[in-house]
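Below, chain A partners chain B and then partners chain C, in two separate complexes.
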Partner chain A sequence: MRNTILEVRDLRTKYITRFREDIYAVDGVSLKIEEGKSLGVAGESGCGKSTLALSLMGYYFPPLHYTSGDIIVNGRNITALDPDTTRKNVLGKEVAYIPQAAMNALNPTRRIIKFIQDVIKAHIPEMSKQEVRELATERFRILGLPEKVLDQYAVELSGGMKQRTVIAISTILSPKVLIADEPSSALDVTSQKMVIKMLRDLMEKGYIKSMIFITHELPLLYNVTDDIMVMYAGQIVERGSAKDMVFDPKHPYSKGLMGSIIVPEPGTRELELVAIPGTPPNLKNPPKGCRFAPRCKYAEDECLLHEIKMKTFGEGREYRCKFSIDYLTEKYNNGKS
Partner chain B sequence: MSGYRKYFTKKILWFAVTFIVAVLLNFILPRLMPGDPVAVIVSKNAQGMSESTAVIEMYKQYAEEFGVNDPMIVQFFTYFKNALRGDFGVSFSQYPRKVSNIISEAVWWTVGLQLPAIIFGWLIGNILGALAAYLKKGFDKVLMPVSLFLSSIPAFGMAVILLVLFAVKLEIAPTSGGYGFDMIPNFSWSFIRSIISHYQLPFWSIVIYIIGGQALGMRSMSIYELNADYVKYSRFLGIKDKKIVSYVFRNAMLPQITGLALSLGVMIGGALVAEIIFSYPGLGTTLLAAITMADYPLLSATTLIITMMVLITTFAIDFVYGVVDPRVKAAQIDS
Partner chain C sequence: MANHRKSCLSGKGVTKVFGLGLKKTVAVNHVDFDFLEGDFVSIVGESGSGKTTLAKMLLGLLPETEGEIFFQGSLRNIRGRENKKKYWKEIQAIFQDPFSSYNLFQKIDSVLLDCIRMRGGARLPYTNKIEMITEACSFVNLKFEELTNKYPFELSGGQMQRLMIARIFLLKPKILLADEPTSMIDACSRATILDMLMNLRNENGMTIIFITHDIGLAYYISDDVYIMEHGNIVEHGKAEDVILNPKDEYTKRLISDVPKIHEVWDLSTVG
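Now for the complex of A and B:
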């Protein structure tokens, strides 16, 4: 068996708003990633994907607060560390982050190389500026980024170049886990491809040991990650291999989500574009039982009564639904005819 | 780089055009004022003279000397030619002193008062604004309303308040002048002390006037920067908070430099008012005297010098700003 790089057990975090309301945006998430593997996270806007990304860093500042759960990176539980240790030894070094809005992620008045120096100095103070430059030059060269970018300011870079620079900076310390929050969604197709290729290169060359890739563009996920996890209202509702999840989703929400996109694969007919009716629940007080029940066309009264646990089935697959797989499969087949 | 050069070529052209327009306006406007300044001087000098022909003769002589008989256009070119050489003619009101002498004396009082006051007020205002954004809570709750209050008092209001409070009521500061009226400028200790004590009220009235507006501007800039995406990203890269705070304040401070450039004209205007209220011997007071005495040459020259000071500083700040802030440089190249 491969090494487990990241294991998350029942992680809960919440936002405390200015009006002292709690918003449970990550509510009991568990996951596991092995060395060399990548995991995609999909879900509608507002389901807590970005919050999950931030929560996995183990470093919290208002309005986001840690409630409970464990994050184990390479055998060490980082939720037990004090913030400054996390800052110095975990962030960027063990777990690295690529923000959703990478366009504005760089300090506009600092040259890229200076910023990289700041990053490295925060973790390895003994490294000289010369060494930092050599490392950065080498890394940029391998990742196919022009070396002159190092001496430029963020404002002088194009959107795609900024995004790739951010990726190179985030991974400069060869982290164990890279969490990429929609790293390509604001880019044109060519730049998207370059970003994906770059992330693959990072994995292949061993600069990162595992990756979590967040997006709402499912076809893209199919080509990029090994596994896919579907998130709804702060919880995971289904997990499986990318192939299973795209072609044979089981949870009604995943089904709806997959159905709302067009899978550009040869052999599959174009699926109809159907949006899931209704809107995600307000995370201030989510439904007590199944959170998807109010929007689910198979839901029964009982769905709303009890909290539903994740159930395993098949090979490494899990789902969160009251109904059995057979029951759901039958329903889906009936619906088609 | 060529875009950058183009930007500054354009700037210099604008600068030249503004300069010429300023000279023109400075020449024309005072001459549109009612009153015959030559007559004023003649009547002053002719006191006690009874013979009207002598007075008329004297009038003609002065009119000749001041060149007021020539057509306007000729007067303008003479003025322009001389102004370029730094010669602004002879003052009507302080005849026969040369305008350039009067100005070169007053300008140092103004620069000595305003430059430190504006820079000091700007710095303190920015530091307070940054602190309010960073510390929030109580500090912000006090600073915000105070700054709002200060920035909404006009320049002369602050001067008058200080004057009444410290000079009239408490009598701990002199009411007017640049030094004791009974003193002759020298390097003695008592003279320097007199200069310092006369400096306080005009200085602080300008400083306080500037602090309010600058603190408000810096506060909102800092709050904006503190919430910028790069702050969050830097945090998650493990960069220390101290370093991130230095990014934030640098980035918030830079636009404040334009704020300084833009409000410089207003500031100098306000500061001149402070000079007038305290009868400080600078350009403001000179300007007022020139206006009341219908002294065109002095008036034109004073306003021209003030315009030039504002123009040059604005231009210099714009240039420096592009050099220190890559965001602005990018914008300058684009435009």
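Now for the complex of A and C:
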């Protein structure tokens, strides 16, 4: 059996607005990633995907606050640590994070090697500059980045190269978990492919043990990750292996998401794109009961009454809907004919 | 069937050169194109392939260094303010970033009222104008009652982009130039935007020029596809032909770079 790298139990985190309102953007998320596996998180904008990524680091700064739940990285519960220890011993070393616009984070007045020296100085102060350079050169070579990048400035690099450099910097300490929040959505398709290749390489060569990949591009998730989890309004609504999720989604929301896939393959032109009507709910006061019910085609009055628990079916698959699998399948098939 | 349709916008040897001497950059290199009336045309290419420069020339925002652009069969004349204004009544654009395409200090009402004024409806009674605006908003699934007296920045990205389409609906230009209108919004609202563009085309017979780097989108939506590489048009034709049987190496690479769901994505080709 593979050992579990990251386990999250019932995590809840909230934003406190300046009007003292609590907004639970991550509301009871549980997940588990084994060594060498990757997990994809999908959902619309405003579903709490990025907040989940921030919360998983275990380091919170206002307006984001921790409420309850456990994050266990490699057997250690990081929510129990005090913030300073988390920053020094967890961030970068165990959990690394690539934010959405990572490539804009590079200071244009410093050479790339400087950023790597900064990272090492904060975590392994005894390492000399020479050793840092050797480590960086070695890592860049293995990941297929030219060595001369180390002595260049960020402005001299193209978007795709900057993004890959940032990934290389953030994984220089070989973290256990890498959280990549839309690492490729600002790039064109060719650079996107290079970024993905690099993430794959990192996994294969064992520099990172597991990865969480957040994006709204479903074809990308299907090609990159082992499992896919769909989030809606701060909760997980469905989870399963990548293949099952793309070809056989069960929850009406996942079904809607998968309906918006456009790929350049024969048959795409005949598809009818069905957008999900409406927008995600305001999490200040989320709908009681099923959160997707106000936008759901199949919703009944009863959906709005009780909160719905995750139900397990098949191998490693879960979904959050009042209706049974058979009922939903029948509905989908009727809709087609 | 295309024979009886008139050409709407065409170009011969259109070139744009930036800089002089050693610093010379040829952004668009002698491209020929012919967009027919009522067609949905896509221009596809990587970043830096000259798509946006071409778009700016089509809009008349940049003068072309060489070559001629024909509008409805005759040479385009955009010399002087009056001619330019007349031309812009016929061609309108939607840009990539909805957040920076609005005036921050202008309310949504006046954004839309301006459109009616530009179509020569300045002297219409106010109730008529509101009716027209409400119709335009409902065309893009927005409710005018919820938008009135708001500023554009209070909307989400998808809503802003839809409001842009509502503007186009009121203006009814002959040509709509959409420069990556869906790249800043998520996959789910993308379907809605594409749907609305299709409706615009079907209802008003508009010619839509769609600029994108996503070849999947281009395939899904367009009649004709032009593929651009380093300022040259390397391939063009019907969407089915170009995307399903690409002839040019560059097109093949672009297609192989897009993640797919029915085939294995080959990552080994990355250079």
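A few comments on the model shown:
Operating definition for what follows: the second predicted complex is superposed on the first by the 328 of 337 C-alpha atoms of A that agree within 3 Å, B and C clash if a C-alpha of one lies under 4 Å from a C-alpha of the other, contacts with A are read in each partner's own complex, and residues count from 1 in each chain.
Here, contacts are C-beta pairs under 8 Å (C-beta built on N, C-alpha and C of every residue); 3 or more make two chains touch, one makes a residue touch a chain.
Everything numeric here is computed off the predicted structure, so don't read it as measured data.
In this superposed model built on chain A, chain B and chain C occupy separate space and fit side by side. Using the contact criterion defined above for the overlaid structures, shared-chain residue A:His216 touches chain C, although it does not reach chain B. Considering which of chain B and chain C touches more of chain A, the answer is C.
Applying the stated contact rule after C-alpha superposition, one finds that A:Ala122 touches chain B and leaves chain C untouched. With both structures placed on the common chain, the touch criterion links A:Lys193 to chain C but leaves chain B unconnected.
In the superposed model, A:Asn334 lies in contact with neither chain B nor chain C.
Rounded to the nearest 10, the angle at the Cα centre of chain A between chain B and chain C in the chain-A superposition is 70°.
Once the two complexes are laid over each other on the shared chain, residue contacts for A:Gly159 go to chain C alone; chain B is not touched. When both complexes are overlaid on chain A, the residue A:Tyr97 reaches chain B alone and has no touch with chain C. Per the superposed model, the minimal spacing between any CA atom of chain B and any CA atom of chain C is 10 Å. Common to the chain B-facing and chain C-facing surfaces of chain A is no residue whatsoever. Those residues of chain A lying in contact with chain C across their complex are 44-46, 159, 188-194, 196-197, 200, 216-220, 222-224, 246-247, 256-257, 259-266, 268-269, 271, 273-277, 279.
Those residues of chain C that touch chain A in the shared complex are 46-47, 141, 156-158, 185-192, 194-195, 213-220, 239-240, 243-244, 253-255, 257-263, 265, 267, 270. Contacts from chain A toward chain B in the complex involve residues 54, 57, 59, 61, 87-88, 90-93, 96-97, 99, 101-110, 118-119, 122-123, 153, 155-156, 166, 169-170. Listing the residues of chain B that touch chain A in their complex gives 228-230, 232-240, 243, 247, 250-251, 254, 325-327, 330.
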